[in-house]
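After this come two complexes, each holding subunit A, first together with subunit B and then together with subunit C.
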Partner chain A sequence: MAAKKPLLIIALLLALAGGFYLYINIIFPPVRCEAAKHPEAPEQYADCLECHLKVTPATAQNWRESKHGVLLVKCVVCHGLPDGKGSVPFAAKPGVQDICVRCHEPAMKQMVEKYGAELECDSCHPHHQNPMHRRAFEAKKPSKTSF
Partner chain B sequence: MPGKKFSRLICGCIGLVALLTMSAYGLHATSSQEFCLSCHEMSPQAEEIRYSSHALSADKRPITCAECHLPAGFGPRFMAVKIYSGVKDAVLHFFLPDGGLSRAPLQARARRFVDDANCLRCHADLYKKADGKDAVSDLGRIAHDAYLGKNGQARSNCAGCHINLAHLPLFDRRLDVNRKFASRLQNKEALR
Partner chain C sequence: MAVSRREFLKGSAAAVALSALGAPVLAATGSAGPDKWVKGVCRYCGTGCGVLIGVKGDKAVAIKGDPNNHNEGKLCQKGALLIPAVVYAKDRITDPMIRKGGKKSPLEKVSWEEALDFAAKHFRETIQKDGPQAVAYYGSGQALTEESYLANKIWKAGLRSNNVDGNPRLCMASAVAGYLTSFGKDEPMGTYNDIDNATCFFIIGSNTSEAHPILFDRIARRKESSPDVKIIVADPRRTNTARIADMHVPFKPGTDLALLNGMANVIFREELDNTRFIDRYTAFKKGTGEAASLEEYKAFVAEYTPEKVQEISGIPAADVVKIAKLFAESTAAVSLWCMGINQRSKGVWANNLIHNLHLITGQIGRPGATPLSLTGQPNACGGVRDTGCLAHLLPAGRMVENEQHRNQMEDFWGVPRGTIQPKMGLHTVALFENMVQGNVKALFIHCTNPAHTLPHLNKYTPALEKAFVAQTECFMDAETLKYADVVFPAAFWCETDGVYGCTERRYALTEQAIPPLGNSRPVIQVLMDFAKRVGVDPKLMPYKNAADIWEEWRKLSKGSPYDFFGITRNRLKKESGIKWPCPTEDHPGTNLRYVRGEDPLVPKDHPDRIFFYGSPNGKATIWLRPHQPPFEPADAEYPFVLTTGRVIDQWHTATMTGKVPELHRAYPSAFVEINPDDAQKLGVKNGDQVVLETRRDKMTFPARITDTCMPGLVFCPFFDKAKLVNRLFHDAVDAASKEPEYKICSTKVYKQA
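Our next item is the complex of A and B:
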């Protein structure tokens, strides 16, 4: 019995640590609305905007008024599909070198020649904020259209 | 040997009371504003909040770190976040002097542990602005409908959507939504 005591204490400590880890992940989940928890309704996969007009209205509206929105470059083109079956991987923050480059390679080459290498397109061209008739890096005026 | 047992019991009780008092004192002291800002790592955050919309509460009282970043009370939620963030902060401070201080991943971790109840204590009506008079914007109304489950199903917590309310790192100052806050910080830097 005496030889088993340290083992018992270690097991107890491990159980405590595991319990703590579980508890904190349940009350404050690390991922709330991204891939892991995303769609409970597979029939809605193709229509991101239907839900995102409700849950992220500012982002949805910015996209709709942006060059991407006007040209109907839909969410899936950059973000992929939640089940991972799209032509690009499902990601909340698509990578520059995997995603932007697929369409914008010539422009990206030009930019690198002119200004040197910039790691993230997003640092000058904020996501969903590239208006039709202004330059992307200028401040955007308040929206004129509505739902 | 009843005498020995009894004295052991007394010692145990005194020890327990001392431990509880000390840990309560420790928990209280390590949640204070002075303690949070006593590490040099927190100086950008301390500067930024002074120019943010969350510098003062509605009754003109400075808002402390713990009011947003720790769940209220001394319950299990508080203890869980206190232990987690305390250990994380100690590891970052003593073992990862520079490597762990990239702000983007730190922000994500901080947002995860901002308890919605803390926000709702001041912002009880989600359809009114903080002053309680003006209505929120159309976009705000739609998003809060989704948060409350009336229309749509948002799973984000408050801090998941409302980012850069109290702190604004350099890489987010370019965003249009942060224009007002960023200009206040820029003016301050120019004055210095």
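Our next item is the complex of A and C:
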């Protein structure tokens, strides 16, 4: 009888943890992007900018002004599609080793050689805030971008 | 980066759950990587980025940029998403198909034997009845070099028909004729390295940002390296390319010839010409081909005063002066152009006028100073232009109508003299016209989709209804399949091996990474099996594989102005692309063509630093070409100009990019861009259905109100098969290059009732 008690506690804990996991998943569904709220237009899931200019204007503007924005490396290229139907997994924070590496492997190798450790690229080169023109365009305010 | 509440809760819940089970917390995409990486070239654009294809077992599972190629590991979204969505698209064609009961009957799956026999029988009978001129090959700047070389040989030497043309006629023919007439030989003298050294970029008729994204990245990086680097973008549309420009110069569509002559005028007036260079390396010619003098040329361009250019093009006179000065005063200027210049009824002239600017200023033959024509497709340069796979050409710069050239090819190919027909074949538009008329009765289409891409489609699709059509294709949604009598399933890209040659004279090999899907076969196999059945002597095709064909082509190039004898298959396997001329195996490849000490074809002891050996007098030609309006400018009845082009996410007819959800959903369907001022006048709001009505047809598109287009101009992308915008276009071609004017036609624009 006494031997069964710890097992029971483990089972109970497991059930609790599982329940908690399920609960969180139901309450906070994995696809929360605005685009997913437009099931009538799934064809436009890749046109993130249009909605994100309204719902997350700072992020959208930052992207637009960043190197990725100038080069038209669009949201879905790194973040995937909100319904997960593309080849890139949908992620708010794309993995360095899965996503960044696809284009920046040579630079990443250099960084490892230089600093000896694998770092999160984002800590020094924020993806959305790395301006293309650096000093070259500093004088030209306001932004060249218009929507 | 802040973690959202949901992520935190979910993360901790997962951690609790998993740690409770005693399992490690796995990464979301923790599958093991590929077994090996196979080197190749991107399937899409003329930038020609190197790729590495990740293979696991016999499946392609990943793709990344080749760090050793010019793209230094980078790919744009099209290249980066080639695998798996495109390679394993659900509608890949994996079995041969034929229509047993004529065009109206369905395509039925059959064996290879049956399909090949069926196609060959029709071609054989057509040749017997109507002669070899009744059969034609319509190829592609996306075909492999080995395929184009082989098809050209089969047709011109085997079947004795010069009706060999292809989609490069629709995109690069004017650039070819431009280089030929200005320098004597085709292909640019510069390379992408010039981008890293230029201090002035003159980009005209190119939306580099969307059509050549990785080159645009390189230009942007150059700009970023120094504020002194100036970028001029001359384009009636304010495209994304203009975002990095110091000057965006919109002008009335079709008036760029006036601008280019006007720039030349300013250069002389401001004494920014390079007299020493002009004297030593150039000759002048009138449009008639007659020789002219520098003085005559100066007097000719003197007519194009900045004020006159303003009147014609709408560019402020002060800006004409400014652009000309920026160009000529810079230490190294590179010009980049693409379809905006080539797809024009005066496309060759426009090409000549760009070359003129470089020749009068000496902005050529130095790092960063070069006229660099951007090529649209990945293998129009190497595969089609160099192998001579067009109606008027023979390999390595030879011409069909030159007897000596024909004899050289006949001797090399081991066929009797007189085998190759002395008259050039039919260029694309004439070919389809002859099909409509019933003169050409059987067509072999490889790797292209003419039912979607020809101009004036209503006029030319009947050609495909009338003629017998054999077609190689990978994807079931290609529009042309509707007209195909026989469909050969082609091995796709990394399922076979072959060479691509990109914009910068760089030849690079895609090695076979995986076996062909289903019953599909490499096209060289298909071509040879087909040709043998039609009656071509098997001795003409003694090849076991693509490498054998490359070997023959490499030997043929030896000693020619296209010499790449040093680019062996083995080298291509080891190196990530090599730029010709490259006459010996130890030669590293050439960056500055025509320059002594750089180009191995210029004798080391040549008295001059530059030697334009392509032309008989060793000099480049400066042409006196007047401004001419487009074939169909806007008028009172059709007051708008319609232009077409690409968007970054879709490639050509979207048979590939349409399979990639990330790309397709960015641009699921065609639209029309309208300037806000025009939209207001027309009472059109974003998303409204707008009718474009031209003299050929009318179509409806949803409106996108944007200041990308200048007032008076509307733009439609051409990728959408549900909206074949080419139905609206005329079929006027450049007199010399025979390239159609896809960039300008007049149209009415109104809101759908």
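We adopt the following convention: the second predicted complex is superposed on the first by the 91 of 147 C-alpha atoms of A that agree within 3 Å, B and C clash if a C-alpha of one lies under 4 Å from a C-alpha of the other, contacts with A are read in each partner's own complex, and residues count from 1 in each chain.
By definition in this document, a residue touches a chain if its C-beta (ideal position, glycine included) is under 8 Å from a C-beta of that chain, and two chains touch if they have at least 3 such contacts.
Please read these numbers as outputs of a predicted model, since none were measured by experiment.
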item	value
Partner chain(s) touched by A:Leu8 [first = subunit B, second = subunit C, both, neither]	neither
First (subunit B), second (subunit C), both or neither touched by A:Leu53	first
Which superposed partner A:Gln61 touches (first subunit B, second subunit C, both, neither)	first
Between subunit B and subunit C, more extensive residue contact with subunit A	C
Which superposed partner A:Val112 touches (first subunit B, second subunit C, both, neither)	neither
Touching partner for A:Ile24 - first (subunit B), second (subunit C), both, neither	both
Shared contact residues on subunit A - subunit B and subunit C	20, 23-24, 28, 32, 137, 146
Subunit A residues touching subunit C - in the complex, by the definition given at the top	13-14, 17-18, 20-21, 23-25, 28, 32, 42-47, 67, 70-74, 76-77, 80-81, 85-89, 91-93, 95, 98, 101-107, 122, 132-137, 144-146
Contact footprint of subunit A on subunit C as seen in their complex	1, 4, 6-7, 9-10, 13-14, 16-17, 20-21, 27-29, 63-65, 67, 72-77, 80-81, 83-85, 209-210, 213, 216-217, 220, 223-224, 226-227, 240, 243-244, 648-649, 660-666, 668-669, 707
Complex contacts: residues of subunit A adjacent to subunit B	20, 23-24, 27-30, 32-33, 37, 51, 53-58, 61, 123-124, 126, 129, 137, 139-140, 146-147
Partner subunit A, residues of subunit B touching it in the complex	76-77, 80-81, 83-84, 112-113, 138-139, 142-143, 145-146, 151-157, 160-161, 171, 174-177, 179
